[in-house]
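Next come the structures, one after another.
You will see two complexes here that share subunit A, one where it goes with subunit B and one where it goes with subunit C.
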Partner chain A sequence: MLALQILIDGFAISALYALGATGFTLIFGVSGVLNLSHGAIMVAAAVAAWAAASVLHLDIYTGALFGVGVALIVSFATYFAVVKPIQNSTRIPNEEKEIFVLTGTLLWGIMIQELIAYFFTNNAKTVLPIVEGVVDIFGNRTPRNNIFTALVCCLVIGLLWLLVNRTRTGKAVLAASMNPRGVTLLGLELTQIYIVVWGIYGILAGIAGVLLGMFLGVSSYSVGPLTASAFSIVVLGGLGSVSGSLIAAFVVGYLETITAYMISPAYRTIPALLLLVFVMYIRPQGLLGRR
Partner chain B sequence: MKTAVIMSEDAAWTKPLDVGYEECLPKIGLKVVDHIRFSPDTTDFTPIFNKVEAAKPDVIITGISHVGVQPTVQWKNQQVPIPMFGISSQATNETFGKDTNDAAEGVLYQGVSGPNVAVTPKSVPFAEGFKKRYGNYPSYAGYTAYDEVYYIADAVKRAGSVEADKVVDALEKTDWEGTIGRVQFYGKDDPFTHSIKYGKGLITGLMLQWQGGKQVAVWPKEIAKSDLKFPSFIKLTTN
Partner chain C sequence: MANFFTSRLFFISLACVAVAATLPLYVSGYILGLLTVAFYFGVFAMAWDLLFGFAGEVNFGPTFLIGTGAYTAGILNNQFGWSVYLCILLGALASVVAGFVLALPALRVRGPYFGLTTLVAVLMLQNFVVVFADLTGGEIGLTIPDVITINAGANYWIALGFMTISAAILYGLSQSPVGLVLQASGQDPVQAGALGFNIVKHKLAAFIVSAFFSGLSGALLVFYFGTASVGTVVDVAVGVNVIVSAVLGGRRTVLGAALGAIFLIVAGEFLRPTGELATFIVSAVALLVVLFFPGGFLGAALSREARS
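Now for the complex of A and B:
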């Protein structure tokens, strides 16, 4: 009984972690950018979806789309206002650009967080679920929204896989992640590919943010923990490896759920972090990392 | 009702609170069947509510402040059939209804005052003035902070000085009707040194419930505006 409960609850949260981390790892894989404003973009999406419904009185679907749209805009803004100027700068030495991007996106994330707190307070917000009610799964009362969340996450990740492996644009993205120089030699504009990737990333982070708002709720305080959780999942899975992140998301999601059920909800995140430290010792490149 | 589960966030302020809960709940005939303390940064309350439900209590006694919106929304989404009662700081704020998309419906919380509740003649004018200026009714801290400014100013006036010892002497003699009741303090030799005095005619606190998207006073009887009302997923064991 408890095992089934853990299986069901862990799946929804893991799927959500997976979706959140996928975009994060994709950006790193393709452009080498560790986007530390990730949590802020997710929260922006959720708060926008909340505001669309509560302040602008739009319906649930329009609200959710609005949230994803806001994430897309913020994602492009992150690229054009923060990342690209640093990458193109001639005054920052190349070997320091990574650290500048890290700091830049971190500060950008804090700016977004403070803006959200200023306009919408730091109270947690929740997005009205698209599907309400509960279903009984072998005696476990499960909110329909959890099932919906898991399904949407799997669907979106599946679509991403198709996009990357079966379309011309996707293949260009994949090629850029393997060998950026080679791609430019083939006549593809690297900047174009980056814009596509930041677009995909914005949509992924937006969907993950809105779903998170429906499932658990977010506040401006969630920004740091969300970035940290995506970061640790991605590091555990192997930086830049999408499949590694997916596996790591489920490992972390289930480890947290099992801890909450079997030990105490107070220690929920600790075993996953210990695992991360352990993996860093024996396999610094992560589970499926290439570098 | 015969059984209760205490559900508190793991923070310094809930430690004495939980001791009080453990001590007082049995006195009113509620057996504490489980006591859950969870991390204040918890976002997924599913395991917690499942644990609560497994203990089959008649009521959940809350001690929450850092969290509020999230457990309340998940309580509703998961249709946890047990009423929540106790301290829920975020529920004292009028914006709580919107933040939870009305999942707050049925939540019972302790307040010092509330919208449309004339705890004293000062309560309603203050709450209305606050709303006019800031757009929403004050949370618990709004009422207490407003009173504090006035009784501290009163003490300074009576002391005729801002020297600490003189102000403390004057504060010990405070007898101030604020928005939350009549404020008096225990003296320095009392076991509850300088604590606010609670009791009839002084400060009783009140219980409010979210009903129809509004905060409604339900206890004490003299100021109650409505009976208890719960959403349909709540299964009450007795009245």
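Now for the complex of A and C:
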């Protein structure tokens, strides 16, 4: 009974973590950028979807689309205003670009967070779920929204897989993550691939953000924890490895759910952190990472 | 080293400290209190810069070291009522142990992986504080019975003196042969090792020195506040401020980091009338500096001096 409940609840949250972390790891794999404004972009999407419904009085579907659109715009803004200038800068030595991108995106994330807090206050906002009501699974009352969240996450990740493995653009992205120089030699413009990747990332983060807004609700305080959880999932799975991130997302999601049910919700994040430290010591490159 | 005492930087710093020392004679207690916090923060930023700018370790968890020192000192004083100075010393020593713990993964993993390990260390400390609320005061904060002094001017002088001495030691260290070896091992560990330098030993030393000053400053800060809480010495946001200060002031300059910290805290206070937008403006300014003056305040000034 309890096991089934953990299985169902954990699945939805894990799928959501997986979706959030996939875009994050994709960006790192292709352009070596760790985007620390990740949480801010997800929250921006959720708050935009909430505002569309409650301030502009749009219907739920338009609101959700609006949220994803905002995430896409913010994602491009992150690339063009912060990441690209640092990558192209001649005054920053190459070996220090990584820390500059980290600092830059971190500051950018704080700016987005503060703007959201300024215009929409710090209060938690819950986006109206697209599907309502509960359904009975073998005696467990489960909100339909949980199932919907899990389904959408799996569907989007499946579509991403098709895009990366079956289309020309996707293959270019995959190639760029393996060997950027080789891709340039084949006559593909690396900048265009980056733009495509940031676009995919924006959509993924947007969908994850809107779903999170429906599932748990968000506030501007969720920015930091969201970035941290995506970061730890991605490192646990191995930086740049999408399948590693998927596995890690389910490990972390279930570990958190089990702890919350069996021990106490207050200790929710601790076992996952311990696991992370443990993996760092015995296998620093993560579960499926390449060095 | 010898020509430092005749350089312009030395005289400018000396003049700044001399002017700063006279401030309690004519400014209000409010400004003194603000600067006192800023000076302790300056030490956090300088200690972080030693680790990042020289040893090349991306430490996302300066507050792991700061918080360990601060909470150890606070808990000892709260539980056993030991004298303030003993508590501060033990806090700094606990922080050194924490620095040692943090250094272990640093010798194994690099770059983003190490960054995450340090971030996790902070989150663990934060969880520890919340879980063992009986001992640490939990989310409300730990009340500390003793303070060093309640005189605003005296507190200010202690902070200023502490920052000046720390700055002298950390800057001296960074310009010494040890600092050069550290810089070399941060930029190219293989080559530095091939030249016969013991990288492990140097990096470990950098962690220990950085931890000592972070912990000492953290312990002094809680005895100034009279309270220790997650929001003031452990939270990731505090660590972010330390990092932003160091990058803003100019990484690899040590002194710039203190400048950046003072700027960050004073600017945050001046922008208070703008309400919730204050953090936004400070972050935006910091981002512009990162994008257009990657060397930071002091980096830009020093390179101009070097060119002329």
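Please note the rule applied: the second predicted complex is superposed on the first by the 291 of 291 C-alpha atoms of A that agree within 3 Å, B and C clash if a C-alpha of one lies under 4 Å from a C-alpha of the other, contacts with A are read in each partner's own complex, and residues count from 1 in each chain.
Here is the rule we go by: a residue touches a chain if its C-beta (ideal position, glycine included) is under 8 Å from a C-beta of that chain, and two chains touch if they have at least 3 such contacts.
Quick caveat, the model's predicted, so the values are computed rather than measured.
Looking at the shared chain after the overlay, A:S232 reaches subunit C, while subunit B stays out of its contact range. Once the two complexes are overlaid on the shared chain, A:S89 sits against subunit C while remaining clear of subunit B.
Of the two partner chains placed by the overlay, only subunit C lies in contact with A:L276; subunit B stays clear of it. Of the two partner chains placed by superposition, only subunit C is touched by A:I99; subunit B is not.
In the superposed pair of complexes, A:P284 makes contact with subunit C only, with no contact to subunit B. Residue contacts after overlaying the shared chain place A:Y267 against subunit B and subunit C alike. In the superposition on chain A, A:F138 makes contact with neither subunit B nor subunit C.
Legend: residue contacts after superposition of the two complexes on their common chain; A:Y61 is shown touching neither subunit B nor subunit C. Overlap of the subunit B and subunit C interfaces on subunit A comprises residues 266-267, 269. Considering their complex, residues 52, 58, 105, 108-109, 111-113, 115-117, 119-120, 123-124, 127, 130-131, 187, 236-237, 240, 243-244, 247, 275-277, 279-280, 283-284, 286-287, 290-291, 294-295 of subunit C touch subunit A. Within the complex formed with subunit B, the residues of subunit A that make contact are 5, 9, 13, 50, 53-54, 121, 123-129, 132-134, 141, 143, 145, 216-217, 219, 222, 225, 256-257, 260-261, 264-269. Those residues of subunit A lying in contact with subunit C across their complex are 34, 82, 85-86, 89, 91-92, 95, 98-100, 102-104, 106-108, 110-111, 114-115, 117-118, 224, 228, 231-232, 235, 239, 266-267, 269-270, 273-274, 276-277, 280-281, 284-285.
Partner subunit A is touched in their complex by these residues of subunit B: 10, 36-39, 41-48, 50-51, 67-70, 73-74, 77-79, 90, 93, 95-96, 98-101, 103.
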